[in-house]
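Pasting the structures in now, so scroll down.
First chain A sits with chain B, and in the next complex the same chain sits with chain C.
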Partner chain A sequence: MKLYIYGIIDSSNQITESTYGLEGSNIYNIPFCNIGAVVSQISQPIQDVTEGAVLKHEAVVEKLMADFTVLPVRFQTLIEGRDNLLSMMRSYYRDFKNNLERLRDKFEFGIKVIWPADKIKENIIKTLNKEQQKKLELGSSPSNKFMKDKFDKYKIDKEFEAKADKFIKVMDIFFSKFAAEKRIEKLKTENLLLDAVYLVEKDKESNFREAVEHIKTARYDFKYLFSGPWPAYNFVILSKKSGLLTDSQQTSLLNKVTQDQMLVGVDSI
Partner chain B sequence: MMANTIVETESPEEFIEEIEKAQNCLPKKIDANPETVEKGLAKLVLTLIELIRKLLEKQAMRRVEAGSLSDEQIENVGETLMKLENKMKELKEIFGLKDKELNLNLGPLGDLM
Partner chain C sequence: MNNVIAKSKDVTLLEILDRVLDKGVVIAGDMVISVADVDLIYLGLKVLLSSVETMERLRGSAFPS
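And then the complex of A and B:
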């Protein structure tokens, strides 16, 4: 019997409300001590990532969020039988408990910012051209020309990064005021200035949203994508790896689920 | 999604494009099946060489910026880096690899380059 896992919850009680998961099977809680793994039975591993399946997984996790603290489990996570599941729960119990306590009453919010990279670079080049003293004076040999071109590019890139750091720092000051934790990625592409997730306590959600609205008005030439509240996909920290869960079993537990989020996000726009 | 979960943006297409760009350039694994093992290994080796080359180049630029290299040293470094870059271009052509393919996703550590 294959069990498809949706999340780990801070309760060992059965789920009273009927909820259907993948393949239309009922979801239920398999308790271990005072926590539980919410699963449904599934006939075969999910090979293809379809929008419908991702949304179904996400819907179950978010339904659980209404009543419990949830450690969301990565889409496509399967385990073979109840005994293996309980073994995994035993192995991870301390980690799960710590995470459940840390994430209680907190949600994840995503913020992405696109900036006009071409314009920013153009301005940097203009400024550097004005500052002739910073230019490298070398002879005209091919290797000198090579070094000069590389140095000019290095200066532009360095300034570009410095500007990115500056903007991100300002935005982060506003967001961090209302966030318990954060994960920030800078310049994943030249245009994608910021790709961040913030963990926000339930009662600070409106403050956080206000901070986002405030930042949006600061630069009209930047583009923003705000999403949430999400289950805390990016904030589950496991201190140990279990040998029970291998790739061949199609089990990869509690990793980042950006793809799920992206698909869900895209569908909702 | 939860009833109150939202995704707000005025530029959905641009965000989709950037997210796809960020994901597509990063193979999660080296492709090393029997048919493509040579290319897969070349990709891994060239990725590491490219990383070292970029580090050398960056270090050289820092030293140029700090003014700690003489004109003669700059010329020598320039010649070395230029030859290394040309050799890399040749190798990439031989194995049919593009610049953007020379990267690795190191999971939680992020991207190699």
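And then the complex of A and C:
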């Protein structure tokens, strides 16, 4: 019996409301101590990532989020049988419990800020050109020109990054006021100035939204993608690095499969 | 207007995909398939289950065993 796992919740009680997961099966809670893993039975692993399956997974997790603190589990996570699931829960109980306590009554919000990188660079170049006009001309030999071009590019990149840091710092000051935790990535691409997620307490949600609206008015030439509330996908921290199943459990699952056969399977994915 | 709605739907879907497929608790046992001490690929157990199914399907198909 394959169990598809949607999330770990801070309750050992059964889910009273009928909710249907993948393949239309009812979801239910498998309790372990005072927490539980919400699963549904599935006849076969999902072969393809489809929009419908992903949305169904997310719908179940969001439904759980309405009633419980939930640690969302990554899409397509299957476990073979109830016993293996309980072993997994035993193995990671402390981790799950710590995360559930830390994330209680908190949601994740995502914010992406897109800036007009080309224009920003143009402005930087204009400013640098003005500054250079005041300085003495360098010689025009090829080596001088090469060095000058290199140095100009370095200065532009440095200034570009400094500007990004400045904007992010200002925005982060506003957002952090109402956030418990954050994950920030700067300039994933030249245009994607900021890709951040903030963990916000339930009762600070409106303040956080106001802060976002306030920032939006500061620069109209930037684009802002704000999303949430999400289950805390980005804030679950597990202390165990490797998988949860013991070697013997993995072996029992895979005892029919030789390494060569596994590679056949891998090739065909 | 419809375009804006469609775009906004796409953005939402991308946000969902980013989280559901790439974030969250990973409770599958990662394992490494190695040949001659060279790590070829990291597999989540979830993928492995899929690959087992695929392999079984292939065994029943025209592929030589």
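Criterion: the second predicted complex is superposed on the first by the 226 of 269 C-alpha atoms of A that agree within 3 Å, B and C clash if a C-alpha of one lies under 4 Å from a C-alpha of the other, contacts with A are read in each partner's own complex, and residues count from 1 in each chain.
As a working rule, a residue touches a chain if its C-beta (ideal position, glycine included) is under 8 Å from a C-beta of that chain, and two chains touch if they have at least 3 such contacts.
Nothing here was measured: the structure is a model prediction, and the numbers come from that model.
Novice: A:178 contacts which: chain B (first), chain C (second), both, neither?
Specialist: The answer is neither, since A:178 touches no partner chain.
Novice: Based on the superposed arrangement, let me know which partner A:198 touches: chain B (first), chain C (second), both, or neither?
Specialist: Touch partners of A:198: none, neither chain B nor chain C.
Novice: See if chain A has more residues touched by chain B or by chain C, and give me that chain.
Specialist: The partner with more contacted residues on chain A is C.
Novice: Please indicate which partner A:32 is in contact with in the superposed arrangement: first for chain B, second for chain C, both, or neither.
Specialist: In the superposition, A:32 touches no partner, neither chain B nor chain C.
Novice: Kindly classify A:208 by the partners it touches after superposition: chain B alone (first), chain C alone (second), both, or neither?
Specialist: The answer is neither, since A:208 touches no partner chain.
Novice: Which partner does A:72 contact after superposing on A: first (chain B), second (chain C), both, neither?
Specialist: Only chain C; A:72 stays clear of chain B.
Novice: With both complexes overlaid on chain A, does A:115 touch chain B (first), chain C (second), both or neither?
Specialist: neither
Novice: Is A:188 contacted by the first partner chain B, the second partner chain C, both or neither?
Specialist: Touch status of A:188: first partner only.
Novice: Please work out whether A:225 is in contact with chain B alone, chain C alone, both, or neither, and reply first, second, both or neither.
Specialist: The answer is both, since A:225 touches chain B and chain C.
Novice: Give one of first, second, both or neither to describe whether A:147 is in contact with chain B, with chain C, with both, or with none.
Specialist: A:147 sits against chain B, while chain C stays out of touch.
Novice: Do chain B and chain C touch any of the same residues on chain A, and if so, which?
Specialist: 55, 58, 225, 227, 230, 256, 262, 264-266, 268-269
Novice: If you look only at chain A, which of its residues touch chain C in the complex?
Specialist: 2, 5, 7-8, 44-47, 49, 51, 54-55, 57-58, 61, 71-80, 88, 92, 110, 225, 227, 230, 233-234, 236, 238, 242-245, 249-250, 253-254, 256-257, 259, 261-266, 268-269
Novice: Please name which positions on chain C make contact with chain A in the complex.
Specialist: 11-13, 15-17, 19-31, 33, 35, 40-41, 43-55, 58
Novice: Would you pull the chain A residues touching chain B in the complex into a rising list?
Specialist: Chain A reaches chain B through residues 55, 58-59, 62-63, 65-66, 112, 114, 136, 138-139, 141-144, 146-147, 150-151, 154-155, 185, 188-189, 191-192, 195, 223-230, 256, 262, 264-266, 268-269.
Novice: So in the complex, which bits of chain B are touching chain A?
Specialist: Touching chain A from chain B are residues 1-2, 4-12, 14-16, 18-19, 21-22, 57-58, 60-61, 64-65, 71, 74-79, 81-82, 108, 110.
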